[in-house]
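Input: structures, listed below.
Each of the two complexes below includes chain A, the first together with chain B, the second together with chain C.
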Partner chain A sequence: MEQAKSFLYPPGGILIWIIVLMEVLTFGIALIVFRVNFHQDYDTFLNSQNMLSKNIGLFNTVVLITSGYFMATVIVKIKQSRIKGAIKWMFFTIGTGLLFLFVKGWEYSIKIAEGHSFGYDDFFDFYWMLTSFHFIHVLVGVVILSVLLFKLRKGDYGASNFLDIETGGVFWHMCDLIWILLFPVLYLLH
Partner chain B sequence: MNRKNTLLWVVLMLLMLFNFWLAEISQTTARWTLSVILIVTVIKFLGIAFQYMELKDAHRRWKIIFIVFVLSFAVAAGLV
Partner chain C sequence: MKYKSQKVAYMFFALSMVLLLLQIVYGFIMAFAHAGYDGLHEIIAFNTATATHKNLLVVWLLSGFMGAAYYIIPEEAQRELVSVKLALIQFWSLAIVGVVAVAGFHVGWWEGRKFLEIPRALDYLVVVNVLLFLGIILVTLFKGKEKTTTAMVLAMGLFFAALLYLPGMIWFDNQSMDSFFRWWVVHLWVEGVWELIMGGILAFLLIKLTGVDRELIEKWLYVIVGLTFLSGILGTGHHYYYIGAPKYWLMIGGIFSALEPLAFLGMALFAFAMYRKGEKNHPNKIALYWTLGTAIMSFAGAGLLGIAHTIPQVNMWTHGTLITAMHGHLAFWGAYAMIVFSIISYSMPLMTGRKLYDKPGAHYAFWLSNIGMIGMTTAFAAAGVAQVYLERKVGLDFMVSQNALHVHFWVLIGAATLFTIGILYYVVNFFKHGMPTDEALIDNK
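On to the complex of A and B.
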């Protein structure tokens, strides 16, 4: 009975974990399809992959993983009833999330200026679909965290009442997980 | 716990730089390079899921589901 209960109540709640599972499955399958297509049209895909800026991808990976670390720190602080600390780290989390979006937007602007927009070739169709879908997730994550920050500052959460923060944190880390799969497959593997 | 989070962040940074370096030095499609990059990706994925997302505190079925998923993904991506 205890085991059944804990299966239904993972950290952050079962609903967010079902969402995480569906999301990583969807991206995982899409990335496998991308790999299949890569090998069916190897030269085109390799040529287009070389047009991506690996350094920008690497920088954004650093930013997103660091943002995940900040979010984990928010949870630590709130469990310790250190609300001011939680607020501070939530600011950092949102800030790094915005930095990711800004850098990704900058990368998009470079690609568009080079003429590598959606429809350029199959590689860039995958690139735009996968990364823009992830971009939207990060954007939604920033909005969720901003709402949580607002409520945190109002005093709505504490050491015995932080399920919303935990759920928002799981969503935010899901963006990390997806990027952890996207970055090597899109930018590095050939 | 905070120390564990910080340690994981350092490990994730090192693994990410290692993957990047490995991809940079291997311009050809070496099977071992592909395997190493995917193994490192699996470690990073599970590190974030277990520590930052607190999957370590969830029921073992959740742990099994995510481990099976990421291993299946890595095997499929490696075999293609």
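On to the complex of A and C.
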């Protein structure tokens, strides 16, 4: 147990935390570069930023944070050995994840229909690259959680064996975290 | 040495040593040409010398990697190689293709594509050769008793290195498209899959030299592999500046290549953490020097000097100048030349039964070559900064600015001489070991 509390043994294992660190660093650098560019070409960026739908962005933010709450509930349930509850909340987590992807896909289709696709201007280059990288992460997250759900239903996990679920949970929260960085910086801040 | 067939490695290491010496000769030819003494111009023009210098580097490193694989895989898989005869055929065909390619450069038989000058006909022979090599290694590994992480990472690196040779063989009529895919080979080798090969060899050496648990070393090997791929694959973007590729590569290349030093830093921290943790006092200190040296010098050369000119705003000025040569020399030396030297220093006493690692020559080799290479890198840096200023800021013609740089090349020649003395010590020490012998076999049980 002492080992479990040590710095080198965080929830989900240290390897996933190294990934989280790298991801946050990568997106962080990209967002800083984005801000620098924003200020160098303020009018173009502001003009293009205003073309984004803040409501869709806000809705998706709420969806993803809610999904994060569901994921945390899965962990609570599994620690209490309530496997059925864990399965139920895992369904909700994946469902809200899919909802995010659906809404984001819809937003993409609007942008493409408006002609604001990749290559339109520097702002949209950043928008497409940052959000599509994030989109891929959520997609990967949904796949990971689906595999976990499958194994959960098979009865592979319990109150004494839930490291994989925690690891998946950390990954899922990372997707929230990155979106919470992306949304204000891309959609709101000017 | 535990298995008879590990002796095959010797042939590849010996080829490495010979080609390395030849590479250095071509380096000197170019350094003198840069300093204003291009006496061999009619016989070996500068473009021939630079192509030969770089291709020899690639071939001797590959030969070193192959030797390393032939040494490591049997030991990790716990069985003999499936066929020593095929390995020897593979060796001789590699040597012959290498010699023909280098000779061809001198009579104008080449494709004028930087780093991938080898003509198409020889490309196919290289593919056959590498397939044979992979066949021997992979069959040995999968028939073996154990499939260790170290062996799998090494084998994966070799497999993907072979696979990534292919994009360089696609024909394009468009110069930008050709450059785009050419970098898949060059970059994804040195900043991608070769790092797996390096990681595999490094892990093997650390297990043997420090005595730290295999489980621990291999766990961190996974982390290094992960960091390498996360940063290295999209880091390819830093070669797509100003060659006609779309503009978004500036951003992708800038961000992901800025992360690349972290992979090397991770590797260095890992090596030193394992060394400090290790309680084993291995007698072959010089192999440990080279191993830890690899970790430091690759971080300095590939990591720090890489990031020094990887940001688009900097690269806009330094692209294709001697700044690239500065980074290239210390990166290849630190990451790949030194890891080959490490495995040679470790394995030669075990293959031949002669423990020459305590000889002063072995230590001179380490220190002189490293100090020499740092000197060369510094000379390239000074020359590169001056070149960027004169040629790109002031706007002098290429040759006018080159003429102003002569003095830096005399410094380069001085440092290179020191480096070469170190290398000569190493090569002499290598051949003094003599041929590997079955008497050096130790009992497996």
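Quick notes on this one:
Operating definition for what follows: the second predicted complex is superposed on the first by the 185 of 190 C-alpha atoms of A that agree within 3 Å, B and C clash if a C-alpha of one lies under 4 Å from a C-alpha of the other, contacts with A are read in each partner's own complex, and residues count from 1 in each chain.
FYI, a contact is a pair of C-beta atoms (placed from the backbone, for glycine too) under 8 Å apart; a residue touches a chain by one contact, two chains touch by 3 or more.
The shown structure was predicted, so the numbers you read here are calculated from the model rather than taken from an experiment.
By the touch criterion defined above, A:139 lies against neither chain B nor chain C after alignment on the C-alpha atoms of chain A.
Of the two partner chains, neither chain B nor chain C is touched by A:98. Of the two partner chains, neither chain B nor chain C is touched by A:110. When both complexes are overlaid on chain A, the residue A:173 reaches chain B alone and has no touch with chain C.
Shared-chain residue A:51: touches no atom of chain B or chain C.
In the superposition on chain A, contact of A:22 is made with chain C only, not with chain B.
Between chain B and chain C, the partner in contact with more residues of chain A is B. Of the two partner chains, chain B is the only one that A:62 touches; chain C does not reach it. The residues of chain A shared by its contacts with chain B and with chain C are 25. The touching residues of chain A, counted against chain B in their complex, run 3, 6-7, 10-12, 17, 20-21, 24-25, 28, 31-32, 35-36, 38-39, 54, 58, 61-62, 65-66, 68-69, 71-73, 75-76, 166, 169-170, 173-174, 176-177, 180-181, 184-185, 187-190. In the complex of the two chains, the chain C residues touching chain A come out as 222-223, 226-227, 230-231, 246-248, 251-252, 254-256, 258-259, 262. For chain A in complex with chain C, the touching residues are 15, 18-19, 22, 25-26, 29-30, 33, 118-119, 125-126, 129. Across the complex, chain A is touched by residues 1-2, 5-6, 8-9, 12-13, 16, 19-20, 23-24, 29, 34, 37-38, 41, 44-45, 48-49, 51-55, 57-59, 61-62, 65-66, 69, 72-73, 76-77, 80 of chain B.
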